[in-house]
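A, B, C, D and E label the chains in the order they appear, each numbered from 1.
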Amino acid sequence: MIIARVIGSVVSTSKAEKLQGKKMLVVQPLDMETITPEGKPLVSIDTVGSGFGEIVMVVGGSSARQTEITKNTPVDSAIVGVIDQIEIEGKLTLNQNKGG
Amino acid sequence: MIIARVIGSVVSTSKAEKLQGKKMLVVQPLDMETITPEGKPLVSIDTVGSGFGEIVMVVGGSSARQTEITKNTPVDSAIVGVIDQIEIEGKLTLNQNKGG
Amino acid sequence: MIIARVIGSVVSTSKAEKLQGKKMLVVQPLDMETITPEGKPLVSIDTVGSGFGEIVMVVGGSSARQTEITKNTPVDSAIVGVIDQIEIEGKLTLNQNKGG
Amino acid sequence: MIIARVIGSVVSTSKAEKLQGKKMLVVQPLDMETITPEGKPLVSIDTVGSGFGEIVMVVGGSSARQTEITKNTPVDSAIVGVIDQIEIEGKLTLNQNKGG
Amino acid sequence: MIIARVIGSVVSTSKAEKLQGKKMLVVQPLDMETITPEGKPLVSIDTVGSGFGEIVMVVGGSSARQTEITKNTPVDSAIVGVIDQIEIEGKLTLNQNKGG
(Lines give C-alpha, C1' and ligand atoms only; values in the text may rest on other atoms or scores of the structure.)
Protein backbone atom coordinates (compact mmCIF):
# COMPACT_ATOMS: atom_id res chain seq x y z
CA MET A 1 0.00 0.00 0.00
CA ILE A 2 1.07 3.57 -0.40
CA ILE A 3 0.56 6.73 1.60
CA ALA A 4 -1.15 9.72 0.01
CA ARG A 5 -2.78 13.03 0.83
CA VAL A 6 -6.38 13.77 -0.11
CA ILE A 7 -6.11 16.82 -2.36
CA GLY A 8 -9.41 16.96 -4.23
CA SER A 9 -12.41 15.25 -5.70
CA VAL A 10 -13.96 14.20 -8.98
CA VAL A 11 -17.58 14.60 -10.10
CA SER A 12 -19.06 12.29 -12.71
CA THR A 13 -22.78 12.08 -13.47
CA SER A 14 -22.53 9.60 -16.31
CA LYS A 15 -20.73 6.63 -14.82
CA ALA A 16 -20.89 2.88 -14.26
CA GLU A 17 -23.97 1.99 -12.25
CA LYS A 18 -21.90 0.36 -9.52
CA LEU A 19 -20.05 3.64 -8.96
CA GLN A 20 -23.23 5.51 -8.03
CA GLY A 21 -22.89 7.04 -4.59
CA LYS A 22 -19.17 6.35 -4.27
CA LYS A 23 -16.97 9.18 -3.07
CA MET A 24 -14.27 9.69 -5.68
CA LEU A 25 -11.29 11.54 -4.26
CA VAL A 26 -8.06 12.74 -5.78
CA VAL A 27 -5.05 11.59 -3.80
CA GLN A 28 -1.43 12.67 -4.10
CA PRO A 29 1.06 9.88 -3.28
CA LEU A 30 3.67 10.87 -0.69
CA ASP A 31 7.22 9.91 0.19
CA MET A 32 6.92 8.15 3.55
CA GLU A 33 10.02 9.71 5.04
CA THR A 34 9.67 13.32 3.99
CA ILE A 35 5.84 13.32 3.64
CA THR A 36 6.23 15.28 0.41
CA PRO A 37 4.53 14.60 -2.96
CA GLU A 38 5.97 11.79 -5.03
CA GLY A 39 4.50 10.63 -8.29
CA LYS A 40 1.24 11.68 -9.86
CA PRO A 41 -2.23 12.12 -8.33
CA LEU A 42 -4.86 9.44 -8.96
CA VAL A 43 -8.56 8.93 -8.32
CA SER A 44 -9.33 6.68 -5.36
CA ILE A 45 -12.61 5.58 -3.75
CA ASP A 46 -12.99 6.58 -0.12
CA THR A 47 -14.08 3.74 2.18
CA VAL A 48 -13.24 5.22 5.58
CA GLY A 49 -14.75 8.70 5.61
CA SER A 50 -11.50 10.48 4.96
CA GLY A 51 -11.44 14.23 4.45
CA PHE A 52 -9.61 16.87 2.47
CA GLY A 53 -5.99 17.26 3.54
CA GLU A 54 -5.80 14.01 5.46
CA ILE A 55 -3.01 11.51 4.94
CA VAL A 56 -4.39 8.12 4.06
CA MET A 57 -3.40 4.59 3.07
CA VAL A 58 -4.28 3.65 -0.50
CA VAL A 59 -4.57 0.12 -1.86
CA GLY A 60 -4.43 -0.68 -5.57
CA GLY A 61 -5.47 -3.37 -8.02
CA SER A 62 -8.01 -6.10 -7.32
CA SER A 63 -7.45 -5.62 -3.57
CA ALA A 64 -9.16 -2.23 -3.87
CA ARG A 65 -12.40 -4.19 -4.24
CA GLN A 66 -12.04 -5.98 -0.90
CA THR A 67 -14.19 -3.61 1.17
CA GLU A 68 -17.95 -3.50 1.68
CA ILE A 69 -18.11 -0.23 -0.27
CA THR A 70 -16.03 -1.28 -3.26
CA LYS A 71 -17.03 -4.95 -3.57
CA ASN A 72 -17.65 -5.92 -7.20
CA THR A 73 -17.18 -2.36 -8.41
CA PRO A 74 -14.92 -1.24 -11.28
CA VAL A 75 -12.33 0.51 -9.13
CA ASP A 76 -8.59 -0.08 -8.98
CA SER A 77 -7.77 2.22 -6.07
CA ALA A 78 -9.35 2.63 -2.63
CA ILE A 79 -8.61 4.59 0.52
CA VAL A 80 -8.62 2.02 3.33
CA GLY A 81 -7.23 3.92 6.30
CA VAL A 82 -6.51 7.34 7.75
CA ILE A 83 -2.91 7.40 8.95
CA ASP A 84 -2.20 8.53 12.52
CA GLN A 85 1.51 7.89 12.67
CA ILE A 86 4.38 6.70 10.53
CA GLU A 87 7.56 5.62 12.27
CA ILE A 88 10.71 5.00 10.26
CA GLU A 89 14.04 3.97 11.80
CA GLY A 90 12.69 4.86 15.23
CA LYS A 91 11.63 8.37 14.25
CA LEU A 92 8.06 9.64 13.73
CA THR A 93 7.96 11.03 10.20
CA LEU A 94 4.23 11.68 10.56
CA ASN A 95 2.10 12.34 13.61
CA GLN A 96 -1.47 13.39 12.90
CA ASN A 97 -2.50 12.80 16.53
CA LYS A 98 -0.86 15.80 18.10
CA GLY A 99 -3.87 16.90 20.12
CA GLY A 100 -4.12 16.45 23.84
CA MET B 1 -8.24 5.29 -11.56
CA ILE B 2 -6.81 7.76 -13.98
CA ILE B 3 -8.24 10.57 -16.05
CA ALA B 4 -7.89 10.51 -19.82
CA ARG B 5 -9.20 12.13 -22.99
CA VAL B 6 -10.85 10.08 -25.72
CA ILE B 7 -8.68 10.74 -28.78
CA GLY B 8 -9.53 7.93 -31.17
CA SER B 9 -10.68 4.42 -31.85
CA VAL B 10 -9.46 1.02 -32.94
CA VAL B 11 -11.05 -1.34 -35.47
CA SER B 12 -10.41 -5.08 -35.30
CA THR B 13 -12.37 -7.64 -37.28
CA SER B 14 -10.43 -10.69 -36.17
CA LYS B 15 -10.67 -10.62 -32.39
CA ALA B 16 -11.59 -12.64 -29.31
CA GLU B 17 -15.25 -13.64 -29.47
CA LYS B 18 -16.05 -11.89 -26.21
CA LEU B 19 -14.81 -8.60 -27.66
CA GLN B 20 -17.43 -8.63 -30.44
CA GLY B 21 -19.51 -5.48 -30.30
CA LYS B 22 -17.32 -3.72 -27.75
CA LYS B 23 -16.38 -0.11 -28.47
CA MET B 24 -12.60 0.09 -28.40
CA LEU B 25 -11.41 3.65 -27.86
CA VAL B 26 -7.98 5.21 -27.70
CA VAL B 27 -7.52 7.29 -24.57
CA GLN B 28 -4.73 9.70 -23.70
CA PRO B 29 -3.98 9.84 -19.95
CA LEU B 30 -3.99 13.38 -18.52
CA ASP B 31 -2.35 15.22 -15.66
CA MET B 32 -5.21 15.99 -13.28
CA GLU B 33 -4.02 19.47 -12.42
CA THR B 34 -3.08 20.83 -15.82
CA ILE B 35 -5.40 18.57 -17.88
CA THR B 36 -2.55 18.04 -20.34
CA PRO B 37 -1.31 14.74 -21.82
CA GLU B 38 0.83 12.60 -19.58
CA GLY B 39 2.09 9.18 -20.52
CA LYS B 40 1.16 7.13 -23.55
CA PRO B 41 -2.26 6.44 -25.14
CA LEU B 42 -3.89 3.05 -24.56
CA VAL B 43 -6.91 1.13 -25.81
CA SER B 44 -9.85 1.12 -23.41
CA ILE B 45 -13.35 -0.36 -23.64
CA ASP B 46 -16.15 2.19 -23.39
CA THR B 47 -18.88 1.25 -20.91
CA VAL B 48 -20.64 4.61 -20.48
CA GLY B 49 -21.26 5.91 -24.00
CA SER B 50 -18.39 8.35 -23.99
CA GLY B 51 -17.55 10.34 -27.09
CA PHE B 52 -14.58 11.73 -28.92
CA GLY B 53 -12.85 14.53 -27.02
CA GLU B 54 -14.51 13.82 -23.71
CA ILE B 55 -12.53 13.51 -20.50
CA VAL B 56 -13.20 10.21 -18.82
CA MET B 57 -12.24 8.04 -15.87
CA VAL B 58 -10.33 4.88 -16.79
CA VAL B 59 -9.95 1.81 -14.60
CA GLY B 60 -7.24 -0.80 -15.17
CA GLY B 61 -6.47 -4.43 -14.41
CA SER B 62 -9.01 -7.02 -13.30
CA SER B 63 -11.30 -4.22 -12.13
CA ALA B 64 -11.86 -3.28 -15.76
CA ARG B 65 -13.99 -6.41 -15.98
CA GLN B 66 -16.40 -5.31 -13.24
CA THR B 67 -19.08 -3.82 -15.49
CA GLU B 68 -21.97 -5.47 -17.32
CA ILE B 69 -20.27 -4.73 -20.63
CA THR B 70 -16.81 -6.03 -19.78
CA LYS B 71 -17.70 -8.95 -17.48
CA ASN B 72 -15.56 -12.02 -18.27
CA THR B 73 -13.97 -10.34 -21.27
CA PRO B 74 -10.23 -10.15 -22.01
CA VAL B 75 -9.84 -6.43 -21.33
CA ASP B 76 -7.49 -4.69 -18.92
CA SER B 77 -8.79 -1.15 -19.33
CA ALA B 78 -12.31 0.29 -19.28
CA ILE B 79 -13.88 3.73 -19.36
CA VAL B 80 -16.24 3.83 -16.38
CA GLY B 81 -17.25 7.48 -16.18
CA VAL B 82 -17.41 10.79 -18.01
CA ILE B 83 -15.86 13.46 -15.82
CA ASP B 84 -17.85 16.64 -15.13
CA GLN B 85 -15.53 18.33 -12.71
CA ILE B 86 -12.17 17.89 -11.03
CA GLU B 87 -11.44 19.99 -7.98
CA ILE B 88 -7.92 20.11 -6.57
CA GLU B 89 -6.92 22.20 -3.55
CA GLY B 90 -10.23 24.05 -3.77
CA LYS B 91 -9.82 25.00 -7.42
CA LEU B 92 -11.69 23.55 -10.40
CA THR B 93 -9.03 22.22 -12.75
CA LEU B 94 -11.73 20.81 -15.03
CA ASN B 95 -15.31 21.87 -15.60
CA GLN B 96 -17.09 20.14 -18.47
CA ASN B 97 -20.49 21.38 -17.28
CA LYS B 98 -20.25 24.96 -18.40
CA GLY B 99 -23.59 25.07 -20.17
CA GLY B 100 -26.63 26.90 -18.86
CA MET C 1 -4.75 -2.80 -23.89
CA ILE C 2 -1.74 -1.97 -25.95
CA ILE C 3 -0.87 -2.27 -29.61
CA ALA C 4 2.11 -4.36 -30.68
CA ARG C 5 3.72 -5.97 -33.70
CA VAL C 6 4.36 -9.71 -33.85
CA ILE C 7 8.13 -9.96 -34.32
CA GLY C 8 8.98 -13.52 -33.36
CA SER C 9 8.29 -16.65 -31.39
CA VAL C 10 9.51 -18.68 -28.46
CA VAL C 11 10.02 -22.44 -28.27
CA SER C 12 9.90 -24.25 -24.93
CA THR C 13 9.72 -28.03 -24.57
CA SER C 14 9.87 -28.15 -20.80
CA LYS C 15 6.97 -25.99 -19.68
CA ALA C 16 3.86 -25.89 -17.51
CA GLU C 17 1.40 -28.54 -18.61
CA LYS C 18 -1.32 -25.98 -19.28
CA LEU C 19 0.95 -24.22 -21.76
CA GLN C 20 1.21 -27.28 -24.01
CA GLY C 21 0.08 -26.41 -27.51
CA LYS C 22 -0.11 -22.68 -26.91
CA LYS C 23 1.46 -20.43 -29.53
CA MET C 24 3.98 -18.23 -27.75
CA LEU C 25 4.80 -15.14 -29.78
CA VAL C 26 7.17 -12.26 -29.22
CA VAL C 27 5.44 -8.91 -29.57
CA GLN C 28 6.97 -5.45 -29.76
CA PRO C 29 4.75 -2.74 -28.21
CA LEU C 30 4.12 0.23 -30.51
CA ASP C 31 3.35 3.91 -30.17
CA MET C 32 -0.23 4.24 -31.41
CA GLU C 33 0.35 7.49 -33.26
CA THR C 34 3.62 6.80 -35.02
CA ILE C 35 3.30 2.98 -35.12
CA THR C 36 6.96 2.72 -34.11
CA PRO C 37 8.49 0.53 -31.36
CA GLU C 38 8.04 1.71 -27.82
CA GLY C 39 9.19 -0.22 -24.79
CA LYS C 40 10.52 -3.75 -24.69
CA PRO C 41 9.30 -6.94 -26.42
CA LEU C 42 7.39 -9.49 -24.37
CA VAL C 43 6.05 -13.01 -24.80
CA SER C 44 2.32 -13.18 -25.47
CA ILE C 45 -0.05 -16.09 -26.16
CA ASP C 46 -1.83 -15.91 -29.50
CA THR C 47 -5.59 -16.48 -29.29
CA VAL C 48 -6.69 -15.15 -32.69
CA GLY C 49 -4.41 -16.79 -35.24
CA SER C 50 -2.20 -13.76 -35.72
CA GLY C 51 0.86 -13.96 -37.92
CA PHE C 52 4.38 -12.60 -38.15
CA GLY C 53 4.46 -8.88 -38.85
CA GLU C 54 0.84 -8.23 -37.98
CA ILE C 55 -0.20 -5.45 -35.63
CA VAL C 56 -2.25 -6.80 -32.78
CA MET C 57 -4.00 -5.84 -29.56
CA VAL C 58 -2.41 -7.26 -26.43
CA VAL C 59 -4.09 -7.61 -23.04
CA GLY C 60 -2.16 -8.06 -19.80
CA GLY C 61 -2.61 -9.38 -16.28
CA SER C 62 -5.44 -11.64 -15.14
CA SER C 63 -7.52 -10.50 -18.13
CA ALA C 64 -5.12 -12.38 -20.40
CA ARG C 65 -6.77 -15.55 -19.06
CA GLN C 66 -10.27 -14.54 -20.22
CA THR C 67 -10.25 -16.43 -23.53
CA GLU C 68 -11.05 -20.05 -24.31
CA ILE C 69 -7.40 -20.66 -25.17
CA THR C 70 -5.85 -19.08 -22.10
CA LYS C 71 -8.45 -19.94 -19.44
CA ASN C 72 -6.80 -21.13 -16.21
CA THR C 73 -3.34 -21.02 -17.76
CA PRO C 74 -0.26 -19.34 -16.27
CA VAL C 75 -0.06 -16.50 -18.78
CA ASP C 76 -0.05 -12.76 -18.13
CA SER C 77 -0.22 -11.56 -21.74
CA ALA C 78 -2.46 -12.56 -24.64
CA ILE C 79 -3.05 -11.39 -28.18
CA VAL C 80 -6.81 -10.83 -28.44
CA GLY C 81 -7.23 -9.05 -31.77
CA VAL C 82 -5.61 -8.23 -35.09
CA ILE C 83 -5.85 -4.49 -35.67
CA ASP C 84 -7.33 -3.25 -38.95
CA GLN C 85 -7.33 0.46 -38.28
CA ILE C 86 -6.33 2.98 -35.65
CA GLU C 87 -7.82 6.45 -35.89
CA ILE C 88 -6.45 9.24 -33.72
CA GLU C 89 -7.74 12.81 -33.83
CA GLY C 90 -9.62 12.03 -37.04
CA LYS C 91 -6.57 10.67 -38.82
CA LEU C 92 -5.82 7.03 -39.65
CA THR C 93 -2.46 6.26 -38.08
CA LEU C 94 -2.78 2.62 -39.12
CA ASN C 95 -4.67 1.00 -41.96
CA GLN C 96 -3.96 -2.71 -42.48
CA ASN C 97 -6.99 -3.11 -44.77
CA LYS C 98 -5.64 -1.50 -47.88
CA GLY C 99 -6.60 -4.28 -50.26
CA GLY C 100 -9.42 -4.04 -52.71
CA MET D 1 8.57 -11.35 -5.18
CA ILE D 2 11.00 -8.75 -3.99
CA ILE D 3 13.38 -8.51 -1.07
CA ALA D 4 13.02 -5.66 1.41
CA ARG D 5 14.11 -4.51 4.84
CA VAL D 6 11.61 -3.73 7.58
CA ILE D 7 12.30 -0.10 8.44
CA GLY D 8 9.20 1.06 10.27
CA SER D 9 5.50 0.86 10.94
CA VAL D 10 2.24 2.66 10.34
CA VAL D 11 -0.55 3.34 12.84
CA SER D 12 -4.12 3.85 11.66
CA THR D 13 -7.12 3.91 13.98
CA SER D 14 -9.74 4.69 11.37
CA LYS D 15 -9.36 1.94 8.80
CA ALA D 16 -11.20 -0.77 6.87
CA GLU D 17 -12.73 -3.27 9.29
CA LYS D 18 -10.82 -6.17 7.76
CA LEU D 19 -7.53 -4.41 8.54
CA GLN D 20 -8.20 -4.40 12.28
CA GLY D 21 -5.40 -6.16 14.11
CA LYS D 22 -3.11 -6.39 11.11
CA LYS D 23 0.52 -5.39 11.59
CA MET D 24 1.29 -2.70 9.03
CA LEU D 25 5.01 -2.37 8.43
CA VAL D 26 7.06 -0.07 6.26
CA VAL D 27 9.47 -1.98 4.04
CA GLN D 28 12.34 -0.67 1.95
CA PRO D 29 12.93 -2.71 -1.24
CA LEU D 30 16.53 -3.85 -1.67
CA ASP D 31 18.85 -4.71 -4.52
CA MET D 32 19.42 -8.45 -4.19
CA GLU D 33 23.09 -8.34 -5.03
CA THR D 34 24.26 -5.36 -2.99
CA ILE D 35 21.51 -5.55 -0.32
CA THR D 36 21.18 -1.77 -0.54
CA PRO D 37 17.96 0.29 -0.86
CA GLU D 38 16.38 0.41 -4.28
CA GLY D 39 13.10 2.11 -5.01
CA LYS D 40 10.68 3.62 -2.54
CA PRO D 41 9.34 2.25 0.77
CA LEU D 42 5.82 0.84 0.88
CA VAL D 43 3.38 -0.41 3.49
CA SER D 44 3.16 -4.19 3.75
CA ILE D 45 1.17 -6.50 6.03
CA ASP D 46 3.29 -8.82 8.15
CA THR D 47 2.19 -12.48 8.05
CA VAL D 48 5.29 -14.18 9.48
CA GLY D 49 6.16 -12.29 12.65
CA SER D 50 8.97 -10.32 11.11
CA GLY D 51 10.77 -7.66 13.11
CA PHE D 52 12.44 -4.31 12.68
CA GLY D 53 15.61 -4.50 10.59
CA GLU D 54 14.96 -7.94 9.21
CA ILE D 55 15.23 -8.70 5.51
CA VAL D 56 12.03 -10.19 4.20
CA MET D 57 10.30 -11.42 1.07
CA VAL D 58 7.39 -9.26 -0.07
CA VAL D 59 4.62 -10.34 -2.42
CA GLY D 60 2.39 -7.87 -4.27
CA GLY D 61 -1.00 -7.68 -5.94
CA SER D 62 -3.80 -10.17 -5.45
CA SER D 63 -1.28 -12.77 -4.30
CA ALA D 64 -0.76 -10.70 -1.14
CA ARG D 65 -4.18 -11.97 -0.07
CA GLN D 66 -3.20 -15.65 -0.25
CA THR D 67 -2.34 -16.10 3.43
CA GLU D 68 -4.55 -16.87 6.41
CA ILE D 69 -3.89 -13.39 7.79
CA THR D 70 -4.57 -11.40 4.64
CA LYS D 71 -7.37 -13.49 3.08
CA ASN D 72 -10.16 -11.26 1.71
CA THR D 73 -8.54 -8.12 3.07
CA PRO D 74 -7.88 -4.92 1.12
CA VAL D 75 -4.10 -5.26 0.99
CA ASP D 76 -1.81 -5.31 -2.03
CA SER D 77 1.45 -6.13 -0.28
CA ALA D 78 2.35 -8.78 2.29
CA ILE D 79 5.51 -10.01 3.99
CA VAL D 80 5.53 -13.78 3.45
CA GLY D 81 9.00 -14.82 4.56
CA VAL D 82 12.07 -13.83 6.55
CA ILE D 83 15.13 -14.32 4.38
CA ASP D 84 18.02 -16.39 5.76
CA GLN D 85 20.25 -16.44 2.72
CA ILE D 86 20.47 -15.12 -0.81
CA GLU D 87 22.91 -16.79 -3.16
CA ILE D 88 23.68 -15.20 -6.53
CA GLU D 89 26.15 -16.64 -9.02
CA GLY D 90 27.47 -18.98 -6.34
CA LYS D 91 28.13 -16.23 -3.84
CA LEU D 92 26.16 -15.47 -0.66
CA THR D 93 25.03 -11.87 -0.96
CA LEU D 94 23.04 -12.19 2.24
CA ASN D 95 23.52 -14.45 5.25
CA GLN D 96 21.31 -13.68 8.23
CA ASN D 97 22.12 -17.01 9.89
CA LYS D 98 25.61 -16.25 11.08
CA GLY D 99 25.08 -17.40 14.64
CA GLY D 100 26.48 -20.57 16.12
CA MET E 1 5.64 -13.09 -19.93
CA ILE E 2 9.28 -12.18 -19.77
CA ILE E 3 12.49 -14.06 -20.35
CA ALA E 4 15.04 -14.35 -17.55
CA ARG E 5 18.14 -16.24 -16.51
CA VAL E 6 18.25 -18.23 -13.27
CA ILE E 7 21.10 -16.64 -11.32
CA GLY E 8 20.56 -17.74 -7.74
CA SER E 9 18.30 -18.85 -4.95
CA VAL E 10 16.75 -17.67 -1.71
CA VAL E 11 16.51 -19.56 1.58
CA SER E 12 13.79 -18.74 4.09
CA THR E 13 12.97 -20.89 7.11
CA SER E 14 10.29 -18.66 8.58
CA LYS E 15 7.77 -18.24 5.78
CA ALA E 16 4.10 -18.57 4.88
CA GLU E 17 2.95 -22.15 5.34
CA LYS E 18 1.90 -22.46 1.72
CA LEU E 19 5.46 -21.64 0.63
CA GLN E 20 6.93 -24.68 2.40
CA GLY E 21 8.80 -26.84 -0.06
CA LYS E 22 8.68 -24.33 -2.90
CA LYS E 23 11.93 -23.69 -4.77
CA MET E 24 12.57 -19.96 -4.65
CA LEU E 25 14.96 -18.85 -7.36
CA VAL E 26 16.47 -15.51 -8.24
CA VAL E 27 15.95 -14.63 -11.88
CA GLN E 28 17.53 -11.84 -13.92
CA PRO E 29 15.21 -10.49 -16.65
CA LEU E 30 16.81 -10.42 -20.10
CA ASP E 31 16.46 -8.40 -23.28
CA MET E 32 15.00 -10.86 -25.79
CA GLU E 33 17.12 -9.70 -28.69
CA THR E 34 20.53 -9.39 -27.09
CA ILE E 35 19.96 -11.92 -24.28
CA THR E 36 21.63 -9.51 -21.86
CA PRO E 37 20.41 -8.40 -18.42
CA GLU E 38 17.65 -5.82 -18.36
CA GLY E 39 16.00 -4.59 -15.21
CA LYS E 40 16.42 -5.92 -11.72
CA PRO E 41 16.47 -9.52 -10.41
CA LEU E 42 13.40 -10.88 -8.64
CA VAL E 43 12.40 -13.97 -6.70
CA SER E 44 10.35 -16.47 -8.68
CA ILE E 45 8.94 -19.90 -7.82
CA ASP E 46 10.19 -22.71 -10.02
CA THR E 47 7.45 -24.96 -11.40
CA VAL E 48 9.34 -26.76 -14.17
CA GLY E 49 12.55 -28.03 -12.60
CA SER E 50 14.74 -25.29 -14.03
CA GLY E 51 18.38 -25.07 -13.08
CA PHE E 52 21.07 -22.51 -12.45
CA GLY E 53 22.08 -20.62 -15.60
CA GLU E 54 19.07 -21.66 -17.65
CA ILE E 55 16.97 -19.17 -19.56
CA VAL E 56 13.36 -19.39 -18.56
CA MET E 57 9.93 -17.85 -19.09
CA VAL E 58 8.56 -16.00 -16.09
CA VAL E 59 4.92 -15.11 -15.51
CA GLY E 60 3.80 -12.43 -13.06
CA GLY E 61 0.78 -11.37 -11.05
CA SER E 62 -2.21 -13.59 -10.29
CA SER E 63 -1.32 -15.78 -13.28
CA ALA E 64 1.74 -16.96 -11.35
CA ARG E 65 -0.70 -18.97 -9.24
CA GLN E 66 -2.11 -20.93 -12.19
CA THR E 67 0.10 -24.02 -11.83
CA GLU E 68 -0.29 -27.09 -9.64
CA ILE E 69 2.73 -26.01 -7.60
CA THR E 70 1.73 -22.40 -7.01
CA LYS E 71 -2.07 -22.75 -6.74
CA ASN E 72 -3.45 -20.66 -3.87
CA THR E 73 0.02 -19.65 -2.71
CA PRO E 74 1.20 -16.11 -1.98
CA VAL E 75 3.49 -15.78 -4.98
CA ASP E 76 3.47 -13.14 -7.71
CA SER E 77 6.12 -14.65 -9.97
CA ALA E 78 6.61 -18.16 -11.31
CA ILE E 79 8.93 -19.87 -13.76
CA VAL E 80 6.65 -21.71 -16.20
CA GLY E 81 9.01 -22.83 -18.97
CA VAL E 82 12.62 -23.44 -19.92
CA ILE E 83 13.32 -21.66 -23.20
CA ASP E 84 14.85 -23.64 -26.06
CA GLN E 85 14.79 -21.03 -28.76
CA ILE E 86 13.84 -17.42 -29.35
CA GLU E 87 13.41 -16.29 -32.92
CA ILE E 88 13.07 -12.57 -33.70
CA GLU E 89 12.69 -11.19 -37.23
CA GLY E 90 13.68 -14.56 -38.64
CA LYS E 91 16.89 -14.81 -36.64
CA LEU E 92 17.58 -17.08 -33.66
CA THR E 93 18.61 -14.80 -30.81
CA LEU E 94 18.72 -17.77 -28.45
CA ASN E 95 19.34 -21.45 -29.10
CA GLN E 96 19.77 -23.60 -26.01
CA ASN E 97 19.37 -26.81 -28.01
CA LYS E 98 22.76 -26.92 -29.65
CA GLY E 99 23.55 -30.49 -28.71
CA GLY E 100 23.63 -33.34 -31.16
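As a convention for this text, contacts are C-beta pairs under 8 Å (C-beta built on N, C-alpha and C of every residue); 3 or more make two chains touch, one makes a residue touch a chain.
On a predicted model such as this, the values are computed, not experimentally measured, just so you know.
Novice: What are the mutual neighbours of subunit A and subunit C in this structure?
Specialist: B
Novice: On a C-alpha centroid basis, what's the spacing between subunit A and subunit E, in Å?
Specialist: The answer is 34 Å.
Novice: Would you kindly tell me how far, in whole Å, the mean C-alpha position of subunit C lies from that of subunit B?
Specialist: From the centre of subunit B to the centre of subunit C is 21 Å.
Novice: Show the residues in subunit A shared as contacts by 2 or more other chains, in ascending order.
Specialist: Only 61-62, 64-65 qualify.
Novice: Under that contact definition the chains make a ring. Starting at subunit A and heading to subunit D next, list them in order.
Specialist: Moving from subunit A on to subunit D and continuing, the chains are A, D, E, C, B.
Novice: Over in the complex, which subunit A residues touch subunit D? Could you list them?
Specialist: 1-3, 31-33, 38, 47-50, 57, 59-68, 70, 78, 80-89, 93
Novice: Inside the complex, what are the residues of subunit D that reach subunit A?
Specialist: Checking each residue of subunit D against subunit A gives 7-19, 24, 26, 40-44, 61-62, 64-65, 72-77.
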